[in-house]
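Okay, so chain A shows up in both of these, paired with chain B first and chain C after.
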Partner chain A sequence: MPPFYFLKCTNMAGYISTYCTVSRHQIWVNGKTVFEEEGTEKEVDEFLIAAHRHFKIKYPKFYKMDVLSRLAFIASEMLLSTDTLKNDSVNSQTSIILCNRSSTVVTDVKHQKNIQKEQGGIPSPATFVYTLPNIMIGEMSIRHRLTGESVLFISETFPVNAVVQYSNFMIDQGICNSCLCGWVEVSLNYYHAFLYVVKSEEKLVKRTIYPHTSETIQKLYLSNH
Partner chain B sequence: MQPTAIIADNIISPLGFTTNENFRQVMLGNSGLRQRQLFGEEELSCVATIDDALIDQKFATLDTNGTYTKLEKMSILSVSTALQHTNIGDLGSHNTLLIYCSTKGNIDLLAYGTTDDSLHQDVYLYQLARKVNRFFKLKNEPIVISNACISSLQGILVGKRIIDAGLYRYVIVVGGDVVTNFTLSGFKSFNAVSNQACKPFDAQRKGINLGEAAATVVLGPSNNATRQHIAVRSGSCTNDAHHISAPSRNGEGLYQAISKTYNTLKEGNKEQTDFICAHGTATRYNDEMEAYALFRSELSHIPVCSLKGYFGHTLGASGLLESVVAAHAMLHDQKIISKGYREQGTTHQLNPIIKRTCYPMSQFLKTSSGFGGCNAAVLFSKVH
Partner chain C sequence: MDTLITQLRAQIIEHLNLDDIQPSDVGADDPLFGDDGLGLDSIDALEVVVLLDEHYGIKVDDPNEINESFASLRTLAEFIKQNQSINATAVTE
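For the complex of A and B:
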């Protein structure tokens, strides 16, 4: 893996408290399978709707979301509903760093078809709004009332060093004491989500799973890939 | 510790190809907005677009033999012009990072194909960023931020933090977006577009005008003095956690971003703020929310302007472009008229600048907000 940064700063500010992967119609949380769908010929949307039903999430807005926001939603639901993040003073202290490669290409194509007159489509605000990749952050924020900092990076591959360094920096500087980080990618024939929560030492409520370093994150990201 | 500063900058817009030319046009009260017939539509759109032929002409003066899209040419021209005003040694050293900020990049390329086989590689934002990166022979993989309309203001904040963390010595932040059928039709579907020149904060405002631009700041240590520098003092961003396409009614997210921006500084700086360069898109919702957030922040009396009446809404470029214009206004001790404003149009009264005045200034606040509920605020000041 090529180094992304000339590493001058090697402070390790955080600890990974929980992580999840959604890929190939399966969901793993902290390394264990929690859901899988038989029949991988199903579309990713069908799989996500099945997961939504299986976990009895009961969030009607889910059905308005596009596939990228749905994937981000399900992945974050695995982490945040089991984690102690439903407190207003805590929620302003939680940052979000999400990344992907294709931005919102699936919904972009949908909107593009709506504007090509020969295709007879009509542009719709409900589709257009999802042509911004940060909307999935907005959806998570609304669901879990997360009012802290958030950023979205576009990168060909998951920029592990950048994410680890930036989240550690924010925790170290007191900009946040917890960060939801990861990779949520949906392209025309592929999807993969890897999300984790990193917390400052003071904020851990249970024993740490892993220290927050590039090596650890790369390992967790690649397991179940 | 010396503050991280803007040591060079550039704007490529319908108002010119240098920061000085853009600033001069704004001071003259000229706007880049025009009525144009676009994308095979019969009705005219009010937009601020740059003539393709002019871009090609300017770009031809650079040493190049590749194929570049309009946005890539604008971006490369912008960075190239900005770098002429620095004395940064070897750009290819490990000390420089590029941050590219855009909402949709080369999305107009979707018109050529939307299937897996036919999708143009340059539709991917990281490809666009890499082409700019490669042009300047930068060695490090660029960072790409795509966070709706706060993208490039956030880019400045992220760049500053990266320098403060000691990870890089210089960060080149570029913001760019072009006017496309994709985005224009999308905003029209929201009934968010005005077919007349936009009127930020005004009682008669009817919506946005789209604009296109590429703008650059080079961030670095402020002792690199070839001219008066602009310090990036502090900043913050937040999420409303309210709605994906409408701002929170009480401006909570923006209010928090502004609060955190001032609170991270040792001395309370609010009263020393000489003016605010707001987001002011001229939609009913945004301007109302911004006025409320500024009221809650006890900044209503501070002179405020929106630059959307000069450049239109340049989406991913807006935060950075407008910060550069405002910074030069501060350097020249000149207040910029909030073009398009006549009469109070928000529940909470603001103090929009309606007259050009010369006034010694040392600090201004820039705000941005965007779809997805994101908000950003950054404080800039003269380096003493």
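For the complex of A and C:
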């Protein structure tokens, strides 16, 4: 991970206005369950499609995405498209900082199977295009018209300190006025998404907000893990 | 021709993961690409090229062929008829 410890913020950078966790066939927004599927027999793809239909999200391109992008899409949809955020919505000056451990391993395996088919494998363009983890950032950006800075880090564990420092630095320096941050991980038998929005100033709205610190993020990240 | 169009319709829906599309939603002359049609994009066009190779033995070498021939299911079926190779597995009338 890059040494972000040298970044010094002159001001208290931000407040977390909302956060979402998707894990174990459940979706939590600000600590409350908003959707769940009983039992774990379903594959994660089936669960995400069920969530897409449950929330009546009309976005056909969802069905073309791979499982990592679908997970990121559903998690970000919980934060960026709810009615309660319409007047407090993330705008084009939003940056995105995402991390995961396994990159696109599930799609990589699928791509490998395609090109190794017995009679001369033909790579599938629709599969190959998702063998880059940044694509999930692209999908969210297209959906919500986000045109700010974006980055994705591969890390063994969620680098909370680095993400907090980096996002606070960007907000403090005026590079953006809000940041969508988090961890979106899918491996062959595990998935977990934790996303949150941090903003540059406290909004006078009637909902809980949290100071954007490493301690707070760590606590929220582990709360439904 | 109608049989081939029906077959193409099912293959495109399955191959392009159009899970929210029913066969009855795609008319033979409906545009496949762009906002006014099925909404397929450039990646989908590449997938159709792969589909033609895998199922009909047709290799698309000229990108200019894509614009006209891929416009609808009917133009795609006509393209297949014109270019079908001996070893293709397409259904014939």
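By our rule, the second predicted complex is superposed on the first by the 195 of 225 C-alpha atoms of A that agree within 3 Å, B and C clash if a C-alpha of one lies under 4 Å from a C-alpha of the other, contacts with A are read in each partner's own complex, and residues count from 1 in each chain.
Basically, contacts are C-beta pairs under 8 Å (C-beta built on N, C-alpha and C of every residue); 3 or more make two chains touch, one makes a residue touch a chain.
Being a predicted model, the structure only gives us computed values, none of them experimental.
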>> Residues of chain A touched by chain B versus by chain C: which partner has the larger set?
In response: B
> A:His25 contacts which: chain B (first), chain C (second), both, neither?
Replying inline: neither
>> On the A-aligned overlay, A:Gly138 touches which partner chain: chain B = first, chain C = second, or both, or neither?
In response: first
> With the two structures laid over each other on chain A, which partner does A:His212 touch: chain B (first), chain C (second), both, or neither?
Replying inline: neither
> A:Arg70 contacts which: chain B (first), chain C (second), both, neither?
Replying inline: neither
> Of the partners chain B and chain C, which touch A:Pro125 in the superposed model: first, second, both, neither?
Replying inline: both
>> Which partner chains sit in contact with A:Lys199 here, chain B, chain C, both or neither? Use first/second/both/neither.
In response: neither
> For A:Ile49, is the partner it touches chain B (first), chain C (second), both, or none of the two (neither)?
Replying inline: second
> Of all the chain A residues, which ones make contact with chain B and with chain C?
Replying inline: 122, 124-125, 129
>> List the residues on chain B that touch chain A in their complex, please.
In response: 40, 94-95, 103-104, 107, 110-111, 114-116, 119, 123-126, 129, 140-141, 143-148, 154, 158, 161-162, 165-168, 181-182, 185-190, 236-245, 252-253, 256, 370-374
>> Please output the residues of chain C touching chain A within their complex, sorted ascending.
In response: 16-21, 39, 43-44, 46-47, 50, 53-54
> Taking the complex as given, what residues does chain A use to touch chain B?
Replying inline: 2, 4-9, 91-92, 96, 101-103, 105, 108-109, 111-117, 122-125, 128-129, 131-135, 137-139, 141-142, 144-156, 159, 162, 165-166, 169, 173, 175, 188-189
>> Help me check something: in the complex, which residues belonging to chain A touch chain C?
In response: 49, 60-61, 63-64, 122, 124-126, 129
